[in-house]
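The letters A, B and C name the chains in turn, as written, and every chain counts its residues from 1.
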Amino acid sequence: MSAAKSLSLSSSIQICRIMRPDDANIVGNVHGGTILKMIEEAGGIISTRHCNTQSGDRCVAALARVERTDFLHPMFIGEVAHVSAEITYTSKHSVEVQVIVLAENILTGAKKVTNKATLWYVPFSLQNVDKIIEVPVIEYSSVEQEEEGKKRYDAQKMERLETKERNGEIINPVVSPEAYTVGFSQSSLIHLVGPSDCTLHGFVHGGVTMKLMDEVAGIVAARHCKTNIVTASVDAINFHRKIKKGCVVSVSGRMTFTSNKSMEIEVFVDADPLVEAARGKYRAVTAFFTYISLDKEGKPLSVPPLKLENEEEKKRFEEGKVRYLQNKAKRQAEKERQQ
Amino acid sequence: MSAAKSLSLSSSIQICRIMRPDDANIVGNVHGGTILKMIEEAGGIISTRHCNTQSGDRCVAALARVERTDFLHPMFIGEVAHVSAEITYTSKHSVEVQVIVLAENILTGAKKVTNKATLWYVPFSLQNVDKIIEVPVIEYSSVEQEEEGKKRYDAQKMERLETKERNGEIINPVVSPEAYTVGFSQSSLIHLVGPSDCTLHGFVHGGVTMKLMDEVAGIVAARHCKTNIVTASVDAINFHRKIKKGCVVSVSGRMTFTSNKSMEIEVFVDADPLVEAARGKYRAVTAFFTYISLDKEGKPLSVPPLKLENEEEKKRFEEGKVRYLQNKAKRQAEKERQQ
Amino acid sequence: MSAAKSLSLSSSIQICRIMRPDDANIVGNVHGGTILKMIEEAGGIISTRHCNTQSGDRCVAALARVERTDFLHPMFIGEVAHVSAEITYTSKHSVEVQVIVLAENILTGAKKVTNKATLWYVPFSLQNVDKIIEVPVIEYSSVEQEEEGKKRYDAQKMERLETKERNGEIINPVVSPEAYTVGFSQSSLIHLVGPSDCTLHGFVHGGVTMKLMDEVAGIVAARHCKTNIVTASVDAINFHRKIKKGCVVSVSGRMTFTSNKSMEIEVFVDADPLVEAARGKYRAVTAFFTYISLDKEGKPLSVPPLKLENEEEKKRFEEGKVRYLQNKAKRQAEKERQQ
């Protein structure tokens, strides 16, 4: 058996589940958040299993970062989602997991790739939740494979250091806002963290947080364009700080940019440890979600342009435009490389 | 900034969530129980947060009482429910929370107030669950505001003392009952309390209990009139005794009164601590739910009159009629005051 | 009051719950797994309550075995499921529970028996989870009743000893399988055990496991015949080994036999204790599920015959045929006895 094969068998996992009505919106499109939650669950299982194959402290792997993800096709109620995850790189303290999601229509047998995602996990000790465990090294099929992994590791590490600035911002309520302005569609929700949301050490699963973020972003998008909307992509998300059982999580979203057929929504997650008044509320996660609007045949509709009302909104819009054009160029380059 | 404004900022909360298929009945009307559960969650968060702003024991606020609530408009799947809660009064050992629920159709932008509710919470220590904590005083915008709160506090305290009598009653099964009798529609369900149902100290959230009560009352109403039914109002509910994780909760309902277009259902909640045989089953909560029957356009239908078979049922019917007429008069008086 | 009556009152329970969209497939048929989970919950409550009526260690009853169950009629969203459970026999260390499930259409009032089931529970101490508690004796209405219970107890004990052989088998993935072969429809899913899945001692409820098994079997059946499918029966299931909180459960299914109008699917459940590398993965449960395919009027459709590709598959098909003919003969005999 080749080394590549042995890698895939010892450190891979396949999850599948039928999509239920509560996983989808009224039209039957499965929420992006449901898919992100499944992806993270698969990654968490495989990383935790891998980091416990050595002696020493038992540990649970916590999500540290998700790379930018595109939602290539919508998934529907009644379809079976297949999530395949594989460990593709390990550094001293982190595990890279690559995930592919397939949607299978079990009646026709048709299958489509709906997502590809890359996640980074860090293992924390069950005995001492602030202690990071060393990750056992995986075997690579070639030196090149290891070197490419090292490059991805360095690239994400640099990006994580750069994304700590937006953390101070807050979303203020607006009284009687005009249609199509930022204030008109901005939204927030609150969730009391329960036991089902948490890992064995009582911290919120990254997938649970992403599902809440997608829920808020979806409300913002629907409020803006008042049609059926679906998640098109999620920018890289960094999980700076853990959220504990018993916290209240506030998730807020505001629109930052609209192109002809897409909307970018910035989402903030704040954690408030209810019974530990000393610690106070803190920013746990921020991210950008991109949504598109679909007609009854599933074709993209035009999106009403965002009305900008002040300099800050204009600045955020321009930054959003840069991200939009960069991603467009990247997708174009990838397409050409594949041809 | 005025004192009223500062009050509202320091001790208020906004929860919102999209209504899913499992939150509603087959026709798409959101269950009253789903709304009551959200209301109670908001109240629990805000009270717990407030009572932990001081030094000393950490604590969790437990629901002690919900004042009578009217459901003014039905809410539908796909709408966003907004729950705004604010602390409006504090006594030495209790917190009053007032809540407003809005239903927003995110596609049309239309918003309707569906509920207003008042809840009373008591904070229990996390270190010693039988110990009640002192509540930090809130700031009032005026002396009148504080005095009105004190009046509401005294009124509910008196009512709570009066409602301990029905606790001995039980609902006996009836063999082959005639249509439209009490025995024909009476119903009960059983629920094993799991970790997701419980607070940090392992007691059932009041909102979980109210959701189960609404579920039983809805079955009783549907059995009686065999049409689409919705919760119209809930009488004041007192939570006499806490229910612990691992208990089995039995919830039973029977119809007590019918007017032309409404049905009153009495609901009993009993808790049975499965593994603590010594304690035995006890009555935890009782309440009255009022339901109406709607046609396809959402207009109220006539309700078949309840057939009374014995003196006890006639007595309960007369008592229900008194409550019905009192509430009608109150609503009428309120309408006139607002004009 | 007769002894039979007193038995029924002291050791029986009634559970009821409205069926929600997430309990059913797209056509509205409630999943067999949802019903099995409710049956097991009722049995677990009644057995745990009974075993705690004595002094000594507090305990929780764990499911050890479910006898073969037929699903007599489909149940639909919006119907109320009534589950009545009664303790019918006790041995030194086990409790036999008999359960009847009724589906009630609350709008028309129509009721149908959908299931009858027999379950065996064993009580484990809460203080020491490996210690089995002695079961208090129940009162029988007659000597014959006790003797018949003893016969059922001995029969199931012998069958349990016989069914330990299939445990070594695993389901290997097949690359690009042909339609209607075993490899074409075989499926598996993975579930991370959370707190809501577990008893008070942190072991997975038997009902949760059965629901996952039915989910996999349903996917296998739908993949094979590509039509609306429902659970027709479940063979006896033995719960050899407990599954703990924090485990990953892998559930795999493959088709073993097809008759003209039915499909038999073999399901394996493996538990993998993620953070206890020393223990390793183990087989926890195995079972056979039978599915039928229904048209829009609810009438059974023909099933495409299973294509067998090797000797092992032919052997399993022949064994499935024996089970099929035995069950057919049993049902025929029962029908004649009732006439």
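We take it that contacts are C-beta pairs under 8 Å (C-beta built on N, C-alpha and C of every residue); 3 or more make two chains touch, one makes a residue touch a chain.
In this text, all values refer to a predicted model and were calculated from it rather than measured experimentally.
For the touching copies subunit A and subunit C, the fraction of interface residue numbers used by both falls below half; the interface is of the different-residue type.
Seen as a C-alpha superposition, subunit B sits on subunit C after a turn of 120°, to the nearest 5. Between the CA-based centres of subunit A and subunit C the separation comes to 37 Å, rounded to the whole angstrom. Counting partner chains per residue, subunit A has residues 21-22, 195-196 touching two or more of them. Those residues of subunit A that touch subunit B in the shared complex are 21-22, 25-26, 179, 187-190, 192, 194-196, 215, 218-219, 222-223, 226-227, 245-246, 248, 272, 274-277. Only residues 13-18, 20-22, 41-42, 44-45, 48-49, 52-54, 58-60, 77-78, 80, 106-109, 126, 195-196, 200 of subunit A touch subunit C when the two sit together in their complex.
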